[in-house]
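Shown below is the structure under consideration.
Letters A, B and C mark the chains as written, and numbering starts fresh at 1 in each.
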Amino acid sequence: MARRKTSWQVWLRRIAQTGFSVLFFYVFLQAEYRPINRTGGHVKFFFTLDPLVMISSWLASHQIAAELLVSLVILGLTAFFGRWFCGWMCPFGALHHLITSLRNRTAKQKIATDGYSPWQKTKYYLLGAILVAAVMGVNLAGWFDPFSFLYRSATLVIYPGLNDGTAWIFGWIYQHDPSIGSFKVTSISEPVYQFLRHTVLPNTQPYFYGTVIIAVVFFAVVLLNLYRARFWCRYICPLGALLGVAGKNPLVQIKRNEDACNQCKVCVVDCQGGADPEATANWKPAECFYCWNCQSACPHEALTFSIRVPGGKP
Amino acid sequence: MLRLVSFFLVTFAAVCGLVPPSLSAQDVGHPELLRLVAEPLPDGSIAQSPASFYSPDNLYEYMDGGADIFVLYGVKSMLHLDAKVRTVDVTVDIFDMGSPNAAFGMYAAERSPDYDFIAMGAEGYRNKGILNFVQGRYYIKLAGFGDGADPVLEAWAKALSARVGSDTALPAMLTRLPSNHRKPHSEQYIPNDPLGHSFLGPAYVASYEFNGHESKLFVTLSENENDAHERLKQLEAHFSKTGECAAAPDIGAGAIRGKNSFEGSFVAKVQGHLLLLVLNPTTDGERILREAAKSLH
Amino acid sequence: MNDSSRRDFLKTCALIGAAMKLGPFAGQEALAATTGPALSIAHFRSSPESPDAIAAEARRLTQEAVNGLGGMGRFISKGDVVWIKPNIGWNRVPEQAATTNPDVVATLISLSYQAGARRVIVSDNSCNPSVACFARSGIQQAAQKAGAECFTMEDRKFRKTNLNGKALPAWELYGDVLGVNKFINVPIVKHHGLCKATLSMKNLMGVAGGQRNRFHQDLTNTLVDLATFIKPTLVVMDAIRVLTANGPVGGNLADVKRKDTVAAGTDQVAIDAFGATLLGYKPQEIGYVVEGHARRLGTIDFESLKPRRIEVG
């Protein structure tokens, strides 16, 4: 089958994912200690969007910080329009999406492994467990919430690791001072490193105990994408589960042109959420990330997403 | 692609795992110190980064040459925290000196009688942008920068003092030293080698001023009365060799008196398990010795 | 030799362990010995209180002290790359006299540029966390305003260097320092809990990396080893405010006394001997000053150099 050009919706989605990921790391960098001790004001931004954080804190402490109410907007939008958050906004999801797309697999293999699995219900049980624990006063959300997980891994493992790796490389060049003919490599490497130091690298690097286990868990979670597509998002993420519950019956639904469709299942190949796009009646809106891969992949342009009037037929 | 990605990620994990955690890392092995800076922080302060901990071996990483004296006084561990409240930056350094004596000794080593003293913990002093105090086995040093720093430091000190909780008294021995003509805030506790002599340590030291003349009282803590007599003998031997030394029965049984060119003159006697020594005594010095012997009986 | 080949030469020597008896800036000795006084002491008659007046005092004293030696032109030539090494060791404000007065540093930067320096770099290997020290001491801001490059040091740049010292056969020294032509050491006079006083030779520790607490095992010989290897082009000693107790960290303003003095000289031992007297010590009481004299690094009898004394204000 001929490969179609990627649809503009998919391009838009990629831009959004990239944008929010960049925003996440920008906000992350703002949290670094600055000499005049002015912490970036928007560190909390992502967490205020997070309804899981809001609900579990409320259940555990019977209090809500006012700013967490912003997350109700996300919950509300999901209830109306579906789990666009997971496909377009979540930076952790974007990471899993990226790793998933780097896999070297044939379409046939993907159809076999990446369709809907009943195991995707695990995340709902995990969500339930977290909420029950919260009611009993134990707030476990921080361990499984995707922002917390990503932030923690970035702070303890990724950022220090990148910093050390970069310092090691540029340090090696500085110490050995290689030249190519009469051209000194340091005349380029030093300005580059200074630029990095003044922009993205930290001024002082705190180290933490317990990084090994965080590193192992982080890489395990990321590597699980090689087993099943967007493993964390489908099987573990309690925020995704919460949004799935909210988005069970959204207004924006998949629409298939029955005449154009020949059951080729190309739409399943790159479906990120495991939502079964090839079976309109069986399509699982709670699992759909609205990534538009299916619509983009369909060689017969049989799929699209549109607003469904409540009560009407798709 | 899978292989490439896996290789990259595994190598990355290995590198991260091999990065040695710096010794000044957050550590869950200091629960008591951490409890002192548990949330919420005083006065609405916000921690700028997790608290760091230092041991005697790596304290120099934080204080360089300033660390040696803390190690000498037996510091067990130290907590360092940077916090911010409004326009003020606060630096909190809490030294666990291991015992109230050592904490007092370290505190007293850094204080001068002319400081501005306040009632905080067992005792404290303040100046623009700093507030240091001692309580129990902790020596706490607070530094503040920015407008309105001093009230913030006071709030911090009060909160930390409440959290330390334990006794807010100076070492008991200090109250038993003769008080007449004693220079306030001149007391010290020297664990090793007072005056450079190991047989004199550990000792409480206090300065006395009479008619413009300053004397120093050393109360050396020996193991028992035999040990105290042994130390007296060593003191006698030292001064006999470097100057002169003789018995002074007029002061008391077993008392000695002597002098040399570089340390000055002294009188000394044993009282129980304590060795009492007054350096540069005048007639008043001998009175000090008698009083000390009486009150420390 | 042009700049880059001279640098290569020095680096090669350091790396392959050639018997380098002289430090990187040696050669200036000959110059310094013939063309002017070895020590000048500038003193301000009053002790103004306002920050602006103290800043003006600092600038004036620094200029007078350097002029007393014959002017900066004696030390800095056109095209020089100059390293100015103040004490930026501690997270303290200038009033606490734990770090060098920023206006002294700024004045030296201006004088260097006026004398034709091509680049001026200001840095130190701080004891407390460096980002805080550079900001709180006011030195980074003052240095950058005066047009110098002032950034915290980086661990990756310390190079194992052969010193051939009595206590230090080799040690990690900051790579960038080894590559400049001229080195100006700008300490502040302070009490030190371990060695009685920290003056100019102790200030050189800020060029060293690694586990510097090992220096304390034999501070006397270590400091003289360091001072013998890094013979500064010029030493300018800040004694406007001095720390008289609880050094080197300090913090209590009650421990700070005004001496309103800036000294400048080419003899490290002599200027340290003079600095010791400002704290009430006899030069003979400071171990590394005695050792420096014994090794003929300089003279402990600073009066014999007939220092220029300048009274201003």
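What we mean here is this: a contact is a pair of C-beta atoms (placed from the backbone, for glycine too) under 8 Å apart; a residue touches a chain by one contact, two chains touch by 3 or more.
On a predicted model such as this, the values are computed, not experimentally measured, just so you know.
**Q** Tell me which chain's centre, taken as the mean of its C-alpha atoms, is farthest from subunit C.
**A** Centroid comparison gives A as the farthest chain from subunit C.
**Q** Count the touching C-beta pairs: is B-C or A-C ahead?
**A** Top pair by contacting C-beta pairs is B-C.
**Q** Return the distance between the CA-based centres of subunit A and subunit C, expressed in whole Å.
**A** 53
**Q** So what's the Cα centroid distance for subunit B and subunit C, whole Å?
**A** It comes to 32 Å between the two C-alpha centres.
**Q** If you look at subunit C, which of its residues touch at least two other chains?
**A** 132, 136
**Q** For subunit A, give me the residues that contact two or more of the other chains.
**A** In subunit A, residues 33 touch at least two other chains, as defined above.
**Q** Do you know which subunit B residues sit against two or more other chains?
**A** In subunit B, 82 touch at least two other chains.
**Q** Using the touch definition from the top, list the residues of subunit B that touch subunit A in their complex.
**A** Going through subunit B, the ones touching subunit A are 1-3, 5-6, 9-10, 12-13, 15-17, 19-22, 24-28, 46, 48-50, 52, 82, 84, 89.
**Q** Which part of subunit C faces subunit B closely enough to touch in the complex?
**A** Per the stated touch rule, the residues are 89, 91, 93, 95-96, 127-128, 132, 136, 192-195, 198, 211-213, 216, 245-246, 248-249, 251-255.
**Q** Hey, which residues of subunit A end up touching subunit B in the complex?
**A** 33, 37, 39, 99, 102-105, 157, 160-161, 164-165, 205-209, 211-212, 215-216, 219, 222-223, 226
**Q** For the complex, give me every residue of subunit B touching subunit C.
**A** Contacts found on subunit B: 60, 62-69, 82, 91, 110, 112, 114-116, 125, 127-130, 132, 141, 143, 145.
**Q** Hey, which residues of subunit C end up touching subunit A in the complex?
**A** The touching residues are 11, 129-132, 134-136, 151-152, 154-157, 159, 175.
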